[in-house]
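Everything below concerns the one structure shown next.
The chains carry the letters A, B and C, assigned in the order they are written, with residues numbered from 1 in each.
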Amino acid sequence: MQARRLRTAVSLVAVAALAVGAAGCAESDRGDDSSGEAKTGGTFIFAGAGDPKNFDPIFNDDGESFRPVRQMYDTLIQHKPGTADLVGGLAESWEHDPDGKVWTFKLRQGVKFHDGTPFNSAAVCYNFDRWYNMKGAAAQSQMIYYQDVFGGFAKNEAEGAGQALYNKCEAKDDGTAVVTLNQYKGAFPGAFALTALSIASPDALKKGDADTVKQNGDSFEYSSFATTTPVGTGPFTFGGWDKAKNEITLNRNPDYWGDKAKVDKVIIKVIKDENTRKQELRAGTVQGIDFPAPADRKALSGEGFQVLDRPAFNILYLGINQKNPKLKDLRVRQAIAYALNRQQLVQTKGPGGTKVADEFMPDTVLGYAPDVQKYEYNPDKAKQLLKDAGAEGLTLNFYYPPDVSRPYMPNPQEIFTVLANDLQAVGIKVNGVPRPWNGGFKDDVQQFGKQDLHILGWTGDYNDPGNFVGTFFGRGKVEFGDQAMTEMFEAIAKADGTVDEAGKKAAWEQVNRDIAAKWLPAVPVWHAPPAIVVTKDVQGLTASPLTDERFNTVSVSK
Amino acid sequence: MLRVIVRRLLQLVVTLIALSALIFIWLRNLPGGPVEALLGERATPERRALLIKALGYDQPILVQYGKFMQRVLTGDLGNSIRSGDPVTDVIARAFPATIELAAAAMIIAVGLGVPLGYLAARYRGRLLDNLTIAGTLLGISIPIFFLGYLLKDVLTQDIHWFPPSGRISTGMDNTTVTGFYVLDGLLTRELDASADALWHLILPAITLATIPLAVIVRITRASVLDVLNEDYVRTAEAKGLRHRTIRGRHILRNALLPVVTTIGLQTGALLSGAVLTEKVYNWGGLGTLITDSISGGRDYPVLQAIILLAALVFVLVNLLVDLSYAFIDPRVRVR
Amino acid sequence: MTDPTTRPGVGKPRTGDSPAGTSAEDPAGQPGDGPAGHRERSIGRLGDRKRARLDELARATADPGGVSLYRDALRRLRRNPVAIVGAVIVGLFVLVAIFAPLIAPHDPVQRFDELTRDLTVDSIPGATAGHPFGSDPLGRDFFSRMIHGSRQTLFVGVLATLIGLTLGVLLGAVAGAFGGWVDVVLMRLTDVMLALPSLLLAITLVAMASRSSQWTVIFAVAIVSVPIFARLLRGSMLAQRESDHVLAARALGVKERNIVLRHMLPNSLTAVIVQATLTFAVAILDAAALSFLGLGDPDINRAEWGLMLGVDGQRYFEVRPELAYYPALAIIVVALGFTLLGEAMREAIDPKNRR
């Protein structure tokens, strides 16, 4: 770490003093290389849990696609390894005006894309303009994160899509890019660190016809940029994707601006079955795996593997649908909260390091209130509340997805069974309704609102309360039934629009207190840390709460 | 004969069109589906609407089907929803994997099953016979995924004799010619790749071979016993022919006919087993593709293509068998 | 996974075990196709061997010896050690299933404090006082779940078999009774179903179902056996159609409907029952396979062996392998029992073995 800073600083000073361009910097980097102090060579083979979609960051929204993308691209702002805190990436520093609308990025100098073209403010603006001006329903429908952050496009293909937050991007000089927004939003600046908003080479984007997403029947065909020629600034370059073998190869970028990769090559091997990933690790055929089964963690660390827990940046909740008039009564919802023995659930079924959740975001996020109303396990109180509300003999349809494993919900069948058991114990009759994750669960729950209760969760994208609480309760949703909890929606909108840090913190803390005591639209269940496992020969991997692991610091000793 | 073939082919086309319409419409009326799969937790009503529009799901189902058929006529079966790759590519990648596995399993089943069955019949009622029968009974009563699990646990985890999954070592830089890795290695003289692929193949092939092996052992045994009771064998024995001659000329030749038929008919059972075996060993063949496209991403283009291809292959093979029988045996009339 | 019709015979060899469609006694290769049989079906399509076996079983009942048939078969069954072993296993299994609530010490879905206390996701308590098999992954009594598992497993197996049997018998009876084009169409349909890999058919059915439940599993597993029963019944009816006792009844002026219901159907049922015994084993194996693939019964509260093996057994194999071993062993033994009994019964009613 120290060495890296020092080297970066030295090279920057050198750049400034000598006022030489990118070539000089690249040369000095190469000089570093030949001394051989960092590079260890070899190949790092890592087992991922699913196929990536493609390698154009903007068209992706899932962790398996982001894993290779993170190695090949950089974002303007990055996360400090192992945290959700922001540090300089392609931008060395950034600042905004008091309204939070004008964002000025001081860009790192001497950075080059893998294709040799320079990274500068024109490249940054090219990317922002590309996203904003994207045409076609097919392309727009795949830009999940862009829409999440910026609301809309220059020309929206779908009715009901929001007003675009993005206004313009100007290249003030070669090293300064100014992004202007129409309106501030709490997501900034955290959103600039989203992997989906990585900066790609304008030249390669044009050559690879990146904006063309063809709709063919009921699927999309991506451009050659997205599939075979992705070009970024990251520590690794794209080596290829052998789909028959499920292997993605990434090669070391010897001209990387930051910490150059220590290994020559990274292979990401896709193994969907968690059990098989573990067995491959044991057999020594891969050096790292993602998402080990919670049941295997202890055994693996006992065998000498390094089980790295990611700080929990997620939430599992029990949703309550107020379309059911009985559940409209706060006392009934509180009774449900009191009926759940979440401490026992965490102990018996939580992966190591799991904590009972009292709020809908982890305590590392700004605005977490230490003093919200807590619902300790109390079946008697639950029964009493049900009695007071005249809701004895309540029967509830409890929806759950039996066939999926999410980081916040490794085993929904078991979680459902335990929670249902607790509810039955206080006299609530539970009618379990299993629906496949992609076969009706989310549609039934989020679109049709068929359920009374359901379990679902969320993994955060960046350090912003709006990304957690705002996503769930920021507006009327079928999922929670009540479209008219305007008091809650307004409080959240206000907190999200507050630019000043202290005011923002206070506003969100109050929102969290009120959610727990007054509104209780759902019951937070737990924060469960997902893990990543590597062999003892692997050094330098830092587990990230955002699953934002970069492999340039990884070395493999043999 | 020609008229028969033409008529059967016409029947085939009509069947396939009806089947494709049925599958197409049915799949699209199931709850959930690709839109849900693509959006994950991040679905909002607007996003859903945009994606539905982009995928053309807002059009009437018959219009969608019409467009689908239009593309099929140009040889385009659509693209995988997950990867965007043409479905034909996706299937073409998975196909050799399953064939390689099935072929290896069949080689084991036949290579081991016929001699065992013969020996069991020769030494009927003796220890070998009883052991063989007990073994085959166990073979058909054990859930093969459980057997696969046990084999994998002992032979890849407790002792590292075999690799736990996959078709070839990660990072093996081999040239792909046919997609059958063992064969490719031989063709391109990359013998290390060939050996490596073979090493990966052994455990899955043994697992998959269990049921066909049990069946072939018993068919061979029964069939050899049948022949042993035939008059010509008794005659041969009475004539004092050497045992080896009898075995070669009479018993095996006659006993193997039904065995050969059985081998062909085990193909279906083999494919069923392949779904389970491929899941246990992360094999990446058609079986994996089917389960993935159902439970994973609801990849309807892939799923409907596989079902249609399976139907096509089945009907075509059926037709060929009919015709060949008619060719071989003039008494059989094909109608 | 396995197909009951391709399961080989047990014990003594039988000449009838010749597997090809063209057996020695049927040079033209239309076993079971009675005089009214349809020649084009005999020409060795993919389902041929399955059909050959079914037709053979069907033929066995073509010439009923009245009461003596059963007495005869029973006598032979009692002497066959294979049959006795099979019958004992099946009998024990059914008894345990019936009396499960009396045998099991606890409620199979109740969670026990003494078990949950030491339960974590990576360690599951073993045997303790009152819990001879220890805990399951949710702090429930594993022994009680194994005992109750017999009940649920019997339920799945019996229902799947019954549904398959009922539908198959209906189809077969209709085909056999009507003959003509109805017969051709129905049998063509069963041909197609027979030739499809059974588990693939079940998987496709589960995928095509709009929701997953215990019933989709039962139904998917049942459908696989429908063509088998249909073939069997039709073959048996056709074989009887020209048999002496039916001709005699017809000559006596008994109504055709009564001939079918009173004479032909009861005789055919013997073969159907034998086949049902074999189908049961396949049903519980297939249900377990579906659970393993993640397409089985989603309710893990239900103690069913296939579900326990396919879900908990897989997930916690390294934490507590007994969670896989015990249900697997139970399934193997029961499947074996039904196979042994079924094969022995088939052998017993085979007219070639009649003396």
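Some points to look at:
Everything that follows uses one rule, which is that a residue touches a chain if its C-beta (ideal position, glycine included) is under 8 Å from a C-beta of that chain, and two chains touch if they have at least 3 such contacts.
Just so we're clear, the structure is a prediction, and the values are computed from it rather than from any experiment.
Measuring from the average of all protein CA coordinates, the nearest chain centre is that of B.
The chain with its C-alpha centre at the largest distance from the centre of chain B is A.
Per-chain CA centroids place chain A at a distance of 49 Å from chain C. Chain A and chain B have Cα centroids lying 40 Å from one another. Rounded to whole angstrom units, the spacing between the C-alpha centres of chain B and chain C is 23. Within chain A, the positions touching two or more other chains are listed as 403, 435-436, 439-440.
Shared contact sites, meaning residues of chain C that touch two or more other chains, fall at 210-211, 294, 314, 317. Shown for chain B are the residues in touch with two or more other chains, namely 30-31, 279, 295. Residues 30-34, 36-37, 39-43, 45-51, 53-57, 64, 67-68, 71, 76, 78-85, 93, 97, 152, 156-157, 160, 163-171, 176, 179, 279, 281-282, 284, 292, 295-298, 300-301 of chain B are the ones that touch chain A when the two sit in their complex. For chain A in complex with chain B, the residues that touch the partner chain are 43, 45, 51, 53-54, 61-62, 136-138, 140-141, 144, 147-148, 157-162, 215-222, 227, 243-247, 267, 269, 271-273, 276, 279-280, 282-286, 403, 435-436, 438-444, 446-447, 456-459.
Contact residues on chain C toward chain A in their complex (touch as defined above): 109, 111, 116, 119-123, 137-139, 210-213, 294, 298-301, 311, 314-319.
Taken together, the chain B residues at the contact with chain C in this complex read 26-27, 30-31, 121, 124, 133, 136-138, 140-146, 149, 153, 211, 214-215, 217-219, 221-223, 225-226, 229, 257-259, 261-262, 264-273, 275-276, 279, 290-291, 294-295, 303, 307, 310, 314, 317-318, 321-322, 325-326, 329, 331-335.
Only residues 275, 293-299, 344, 347-352, 402-403, 411, 413-414, 417-418, 421, 432, 434-436, 439-440 of chain A touch chain C when the two sit together in their complex.
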